[in-house]
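All chains are identified by letter, namely A, B and C, in their written order; residue positions are counted from 1 within each chain.
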Amino acid sequence: MPQQLARLLVVFAVLTGGLVVTRHLLIPKTFGQRGHYRAAAVTTIQELPVRYAGREACADCHADIVGLHGKGRHQTVSCEVCHGPAAAHTLAPVENQLPAPRKRAYCPLCHGYDPSRPTGFPQIDPVSHNPMKPCITCHNPHQPEPPHVPEECGACHGEIARTKAVSRHALLPCTQCHKTPVQHKVTPRLLHPDKPRNREFCGQCHAKDAGSPREIPRIDLATHGGRYLCWQCHYPHMPEVD
Amino acid sequence: MEKPISDNAGSQEAICESRRDFLYTCSLAAPLLLLALQAKLVCAFAASEPAYNPREHRYGMGIDVSRCIGCGRCVDACKNENDVPREPFYFRTWVERYVINSAGDTSVDSPNGGISGFPATSSERGILRTFFVPKLCNQCDDPPCVQVCPVGATFATEDGVVLVDRDYCICCRYCVQACPYGARFIDPRTRTADKCTFCYHRVTRGLLPACVEVCPTGARVFGDIKQRSSPLARFTRFHKIHTLKPHMNTKPKVYYADLDEEVR
Amino acid sequence: MEPLGEVLKQVQGYIYPNEVELQWGLLIVVYPYVTGLVAGAFILASLVRVFNVKELQPTYRLALLTALGYLIVAPLPLLAHLGHPERALEIFLTPNVHSAMAMFGFVYAWYLMVVLLLEIWFDYRKDLVLWSAQEKGVRRWVHWILTLGATDLSNKALRFDQSAGRFITIIGIPSAFLLHGYVGFIFGSVKANPWWSSVLMPIVFLFSAIVSGIALVLLLYVVSTLLRSKAVDMLCLDKLASFLFYALVVDFSLEMLDFIHRLYEAEESIGILSQLVSSRLFLSLVILQALLGTILPLIMLGVISPALRSRGSLKTPDELRRLLYVAAAALVQVGIFSTRWNVVIGGQLFSKSLRGLTVYKMQLLGIEGLIVAGFLLLLPLLLLLVLIVLLPPWPEAEAHLPEAA
């Protein structure tokens, strides 16, 4: 073997040996047990402190409130949404009292009007709705049913109401087209308002021979729009064509 | 070069004797060995109460976009539960608002992740569609972040959750680059990668992740994919499911119902 | 957090909340620039060894030492950038075989240990033995240690040096391709980023590396020759310039191919990427990388070097031509640095939501600052100085065997 090769092999052998020893000494003990990671890390993460107790924990001591709350409109809202993380409170209730939001600024986080919120979600205008009064004056957070049934449909269908309010149909009440049982405002999901079913309904105002005021636009009900129902093209809450 | 023959004869005996000695020493060690083995067995039995077995679970989350009201309680709860820095740059979960107008333009915003809700949109006029979309780590079944981590500091557990080993991460930031969803960030205090863990420390104890716990409208649904009866099973039965960026083939485990095509 | 607060105000459109902080900054721009120079300088040296381009012989050893100096510095920006540099050894202890970054550590180690150091050692061994015999003091001991005790200077041993060196260079060429192509792959394999994710990325990286390496050796050769008050070998310089021209042509073609391909396919990301190039990257991409860094040097070299016509299309006196070569090489360096900037920083200036652009706030001080980056770019030259003192690459320093009796 040429002298150069012999010397080089010695050097490489030393380096390789050093690498093997280093690996053995420095690789963490639990590495590779369950996969290409330190198994001890999973245990570390599992043992992190829990801060939210979960709504089931509240019933142990606050059964009455939980019972009331479970039947009302806020039944899907966990206790800790408003009262904050409660794990510490379950361990030492007196030392770790939980706050309860009492200011007006809190409830509009969910109930302040925002057109991006799904229709049917109860929303108010925080500025004009009973200004200055804390929300809890009229609404018990654990049973937040409003003190009296809302008169306007816009209380829950704000975006539709506001869209309609600046359209050609602004002066039409919602009930003109949607026959609404009063019970809908009390148990909205159990009883729905109805919707018009045929072209003749819109024709009551818009047909050539309708008895409606003259400024309402007229079309020939037999031919206009062919096979389609009126609302398949015209959005009834903003029926503007141009 | 050759060894004298006489040396061999002497060493043969010596080998015999040393073999005997060796076997004798071994027999002394035998009871000690047995004792040690027994101790190990006892320990194993003691720990055999129902410990959490990750192989029996596989976690996923369902998100119903039509139920999200953009209140941001989930973002706040996550930061509380997981000690996430409160600066407006670091989020394990956040909420986006999409507003699509009649001209077809889409605008998206997420003020401080949505943690304090959203400021009012300018006006309803001209809005075609608008909605909120909660986002978080998708806990992919084929995670690109795990693929690129050079040291094995981020990994997928057997129950389908992608975690980060804070004591091993070298903070090379490759995983943050590799995530198509922007779900990862670097925690400036520990200088390691961080992200949503599905509140692993909660779900392994039978609790719900903090964001699911506090969602007031039930827009977030958590469940075990391996369980036939779970809220997630119902969710995936009754909704057409979308995932984010399916063309990336990361196989996300966060399932969106009613997801709009404009959502990235 | 103040810089991030400032960045938030300058965001255009929508970015994911976690994207406001750019993950890879100036240090990660410096890194591919430095490894590119290594690969380029080595490939230039291999032109002499393997392809017998005799004119380039004066630059052979200089190119090897340059490659070594830059290769030693290459891991430093990476170490400085890590949040936990003290854990850096983990890449070698528990490498994730699916991670391009982890595997690159081994490519780097292979290239350093098996290719570059061995090639230099085989080329210099004869000189090391002779120098350590003729010198005194520290230099004598340093050279003696470097011989590793292989002091055989018989004809057979010297022939073995030659053939071993040639063999290593032959392995070295694909290794150099792998070294910098791999860096390209580290970016090109990130499917989450449409600016980076491309099959062409490793190839583009490699050819821009070759361009920058040739240009660097050209600059170093001229500077070091003039500093030693020697005459610049114009045949060598003309050859260097020709190779630089050819490499620039390939590099430019590849970049144009990428550009045309993106525009033609017009995938979803084309909207935000066009915005990126026309607003955030206009100066660094259109002006610095394309015009000043590629097109202008192409024209200059095409006209005055013998690349296209054997005496150049425009005949120039030697000193003027030399000056123009140096200018072109300097422009190329600026262009290639901008290329790295455009890839690394550019890829993070747009959101993965494809809806917004952010800004990069480069700092002056601090570990990711301009001063540290400048120092890291200067360090290889300082190292090269040390290497030149230890292992002089000049023809006049070469040791010669005493005449046979």
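Structural remarks
Everything below uses one rule, namely that contacts are C-beta pairs under 8 Å (C-beta built on N, C-alpha and C of every residue); 3 or more make two chains touch, one makes a residue touch a chain.
Given the structure is predicted, the values throughout are model-derived calculations rather than measurements.
If each chain is drawn as a node and touching chains are joined, the picture has every node linked to every other. Contact count check for A-B and A-C (C-beta pairs in contact): higher for A-B.
Chain B has the Cα centre that lies closest to the mean of all protein Cα atoms in view.
Chain B and chain C have Cα centroids separated by 39 Å. Mean C-alpha position of chain A lies 24 Å from that of chain B. Chain centres here are Cα averages; for chain A and chain C they lie 53 Å apart. Among the residues of chain B, those touching two or more other chains are numbered 152-153, 168. Of all residues in chain A, those that touch two or more other chains are 31, 36. Chain contacts: chain C has residues 94, 96 touching two or more partner chains. Residue ranges of chain C in contact with chain A, taken from their complex: 89, 92-94, 96, 113, 118, 122, 125, 148-152, 156-157, 160-161, 164. Note for the complex: chain A touches chain B at residues 28, 31, 34-38, 41-42, 44-52, 54-55, 74, 76-78, 80-81, 84-85, 108-110, 112-118, 121, 159, 162-163, 166.
Residue ranges of chain A in contact with chain C, taken from their complex: 2-4, 6-8, 10-11, 15, 19, 22-23, 26-27, 31-32, 36.
Residues 52, 54, 66-73, 77, 80-82, 97-99, 116-118, 120-121, 124-125, 127, 130-132, 152-158, 163, 165-168, 197, 200-202, 204-205, 207-208, 210, 213-214, 216-218 of chain B are the ones that touch chain A when the two sit in their complex. Interface residues of chain B, counted against chain C in their complex, comprise 87-91, 94, 96, 106-110, 112-113, 135, 144, 147-153, 168-174, 176-186, 188, 191-192, 248, 264.
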